[in-house]
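The same chain A turns up in both complexes below, where it pairs with chain B and then with chain C.
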Partner chain A sequence: MSLLEVKNLTYIYGKGTPFEMRALDGVSLSVEKGEIVALIGHTGSGKSTLIQHLNALLKPHSGQVLFMGKDINADKALTRSVRFQVGLCFQYPEYQLFESTVYRDIAFGPTNMGLKEDEVRAAVSEAAAFVGLKEDYFEKSPFDLSGGEKRRVAVAGVMAMRPEVLILDEPTAGLDPNGRRVILSLIRNYCTQTGKTVIIVSHSMDDVASLASRIIVMNRGKIAMDGSVEQVFLRSAELTKMGLNIPQVTQILLELKKRGYAVNSSVFTLEGARRELLRVLKEGGGAK
Partner chain B sequence: MTNKPIIEFKNVSFRYDSEDETLLPLAVKDVNLTIRQGELVAVLGHNGSGKSTLAKLSNAILLPAEGQVLVNGMDSQDEALEYDIRKTVGVVFQNPDNQIVASIVEEDVAFGPENLGVPPAEIRKRVDDALRAVNMYDYRHHEPHKLSGGQKQRVAIAGIIAMLTACIVFDEPTAMLDPSGRKEVMQTIQKLNREMGKTVVYITHFMDEAVEADRIVVMDDGKILFDGTPREVFARAGELKAVGLDVPVSAELAGLLKADGVELPNDVLTVSEFVSAFQKAALK
Partner chain C sequence: MIKDITIGQFFPGDSFVHKLDPRMKLVLTFIYIVAIFLCQNFFSVGLVFALTVLCVLLSRISPRVILKGMKMIFFIILFTSVLQIFYNKTGTTWLDAKYFQITSGGVFTALFVVIRIISLILFSSLLTYTTSPTLLTDAIERLFSFLKIFKIRVHTLAMIMTIALRFIPTLIEEIDKIMSAQKARGADLESGGVIKRAKALIPIFIPLFVNAFRRAYDLALAMECRCYRGSEGRTRMRQMHLAFRDYFALAVTVCVVAAIVFFNIQFGSVL
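Right after this comes the complex of A and B.
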């Protein structure tokens, strides 16, 4: 049994009006425990609509979403519990901070789950540690923090519910290079330390290549590709047609291959490209 | 470049007011910077380095606490010149949703020239020209909130074009857009500079976008750290990383391989440059 399963999901915005728009069209997928999945697709491809179904913020017009084998929309108690077990962190989550202190903001989720005070404290401390926020931040107002820090408080607020599945919608959008590096490395640590499932929506193929093991590509409300990072990035021509990119190092390797070098172009990270190019130089690489 | 200066910062410092009595640190410290007519200048710097403050100082949205900002020689401290300054330098911000004021695309674009008191017939022409320049003319009767992010940002840009400002300052205009939206906006900006002759100041976090500029200014802690061509600036990978920035991926890969002893030039910036440099190195 998969941890999360989507079966033949269809969702239509403005249903019954002249402006009907089929945002999801017969989408099926399953996610296993511990997977790190990247969801990519251009704006309007249905990514956000899909993730809002995964914790029942939207209800399917047809099809099902199963969490641990149960239909999450079957009864209200189940829906409520799934909202805590599938934690959704929206784009620009710092706009959703509202409490008077950092501690209270991170504690909002676990408190709502009905945890006791000491359990809440433990959950908040754990989540703050995941995002690298020291406890002396707890009594500060979240609005006095920098953009990157606010983002981390917001992510911690979702992690504090200890969800089985953590969904992050564009977690690095709008951050400077260093802010991006910090967020990516904390997500990586969270995955290794907890072994929990993470789904990350991203426009940055370099981020995707450095984090995920599997990529799902959405296009016009359908799943266009679903496979390993390697399988998906190999289809660069199709990705480009859908308004997407491949990592820049892969573009370099593909171009060298086209010019007759014996390079393996299924390399997606900087370090991998460095090793591959050194190998090519050492072995002569069939250079023209 | 010997063109006339359009924006001059002379020993400019600025500090934001705090809500209580405490004195906030200077956001911009003793900055000297000259932007010349026709230039495309990218401004880099981590969050909080003073980039956006610089943008707002450039058309009198903010006024310097010390020093002078001159726009075509007009001092921004002189309230009587405020309109003339804003007719010379326009600013496009990060979030398109915060910049759109009307419920129909063409009315939004007309908002700026209307406020400048431009006659109606002239407004009609300016709006049409501006929407054509950003490839949004077919959407002139659409509702802005139904457009994509890249489209909305192009409408915001059209609003500035319609004011016929000689210089446009962009404050992270692609931060909230997807790759195709970013491409649309970048192409529009290139066109404004290369074809329409506008002076462009372009604030960004994307190193690959900065490669396209004539000149890059790097801000750190309210001060200008570097000011030079993309090649000069991106050759300083170590120093850029130390202030929380990056270099383009191609430059970074070239740097790694150089450290491994591969003979590559110091100034590789793009995929195609990397590929030709690598071909040369492989022949050695």
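Right after this comes the complex of A and C.
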């Protein structure tokens, strides 16, 4: 039994109006415990729509979403408990902060779960540590923080519910390179420390390559590819057709290969590329 | 969902009704609303209703949309007609239970009032269904520009209205998004008593207001960067011209108003 299973999901925005829009069309997938899945796709391909089904914020027009084998839309109590077990962090989550202090904002989720005060405090501290927020931030107003810090508070607000599955919608959108790096390494830390399942939506292939173990590519409301990082990035021609890229380092290696250097182009991270290039250089600069 | 509200929405198209000059549409809508209140019997109200239906058909807006808009006022209609039926005790008695009577007079007045309300809502929503908000405020600005002589800043008011209308869909979308985000953190918006529900709105409205102010600052800055300084010396990108169809629509309206007055005199009042 998979942890999370989506069966033949279809969703139409504005059903019954002139503005009908088929955002999801027969999507099926399953996610196992401990996986780190990246969901990529062109703007408007239905990624955000899909993930909102995973915690029953949207109800499918046809198809099912199963969490630990149970249909999450079957009854209200189950839906509510799934909201805590499948933690969803929206795109630009900093615009949803509302409390008077950082602590209270992070505590919103755990409090809604009905935890006792000391349990809430423990959950908040743990989540704040995951996103690298020091305790002296707790009494500040979330509106006085920088953009990147707000983002971290918002992510912590979801982590504090200790969800089985953490879903992040474009966690690095709109951040500067440094902010992106920080957020990504925090997520990586979270994964290794908790071993929980993480689904991350992203536009950036470089981010995805360094983080995920599996990639799901969406195109026009359908799943176009689903496989390991290597399997997906080897199909670069198809990706380009969908308006997507492969990681920049892979592009460089492919270009080198085209010019006759004996490099292995199925390398997707900066570190891997460095090693590969050093190896080739050591072996005499490759065959020209 | 909040998005399902269709009253006040605009549905693009190129029908006869869409193409009418917005100033003319505004004036004619006003005349019709007055005309609907002038109606005193079934002949005149029937005429207005037939014309309303004709305009809806001409606009080629899907009946589904229209019905959805009507759903909103269903309870108003129900309430008014029930009230009329029990309140009015004229004419022959059709049903005489101990505590209430249903009379022909009551039923007729109820029917009459309902037709009037439906025509009224249909006609005024047709205006927004077929005119884009920018055109509409543009038309309002021009029609009322004579108020300038009373030192009323018509342009400023119109601009405020344009911006407000422009941001309604944005705000609705934003409410939807914030609600989803807070629900994802376990906010319970659907159960509990009045006080609990009111409290549950805090996590929705605070971010909404914060974002609205942020957006207002951004917009003001962007407008200033493009040297916006009110109506002074501002020319228009879109000139409005009255065409044959506008005069035609006006002529039809004049005829209908004349007919209503004639029917009123000829057949008396049912009220």
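As a convention for this text, the second predicted complex is superposed on the first by the 285 of 288 C-alpha atoms of A that agree within 3 Å, B and C clash if a C-alpha of one lies under 4 Å from a C-alpha of the other, contacts with A are read in each partner's own complex, and residues count from 1 in each chain.
The criterion applied here is as follows: a contact is a pair of C-beta atoms (placed from the backbone, for glycine too) under 8 Å apart; a residue touches a chain by one contact, two chains touch by 3 or more.
Bear in mind the structure is a predicted one, so any value in this text is a computation, not a measurement.
Student: What's your read, chain B or chain C touching more residues of chain A?
Tutor: In the superposed model, B touches more residues of chain A.
Student: With both complexes overlaid on chain A, does A:80 touch chain B (first), chain C (second), both or neither?
Tutor: In the superposition, A:80 contacts chain C only.
Student: One more residue to check, A:132. First (chain B), second (chain C), both or neither?
Tutor: Neither partner.
Student: Look at A:143 in the shared chain and tell me whether it touches chain B only, chain C only, both, or neither; answer first, second, both or neither.
Tutor: A:143 sits against chain C, while chain B stays out of touch.
Student: Kindly classify A:179 by the partners it touches after superposition: chain B alone (first), chain C alone (second), both, or neither?
Tutor: A:179 sits against chain B, while chain C stays out of touch.
Student: Answer with first, second, both or neither: which of chain B and chain C does A:280 touch in the superposed model?
Tutor: first
Student: Could you look at A:272 and tell me whether it touches chain B, chain C, both or neither (first, second, both, neither)?
Tutor: After superposing on A, A:272 lies clear of both chain B and chain C.
Student: For A:63, using the defined touch cut-off, is the partner it touches chain B, chain C, both, or neither? Pick first, second, both or neither.
Tutor: neither
Student: A:26 contacts which: chain B (first), chain C (second), both, neither?
Tutor: Neither partner.
Student: What is the contact status of A:256 with respect to chain B (first) and chain C (second): first, second, both, or neither?
Tutor: Once the two structures are laid over each other on A, A:256 reaches chain B alone.
Student: Considering the complex alone, what residue numbers of chain C touch chain A?
Tutor: 3, 6, 11, 62, 64-65, 68, 177-178, 180-188, 202-203, 206-207, 210-211
Student: Along chain A, where are the residues that touch chain B in the complex?
Tutor: By the definition above, chain A touches chain B via 42-44, 146-148, 173-179, 203, 206, 243-245, 247-249, 251-252, 255-256, 259, 261, 270, 273-274, 277-278, 280-281, 285, 287-288.
Student: Show me the residue ranges of chain A that touch chain C in the complex, using the header's touch definition.
Tutor: Residues in contact with chain C: 14, 16-18, 52, 55, 57, 80, 83-84, 87-90, 93, 95-98, 108-109, 112-113, 143, 157-158, 161.
Student: Inside the complex, what are the residues of chain B that reach chain A?
Tutor: Residue list for chain B touching chain A: 45-48, 94, 148-150, 172, 175-181, 205, 207-208, 244-246, 248-250, 252-253, 256-257, 260, 262, 271-272, 274-275, 278-279, 281-283.
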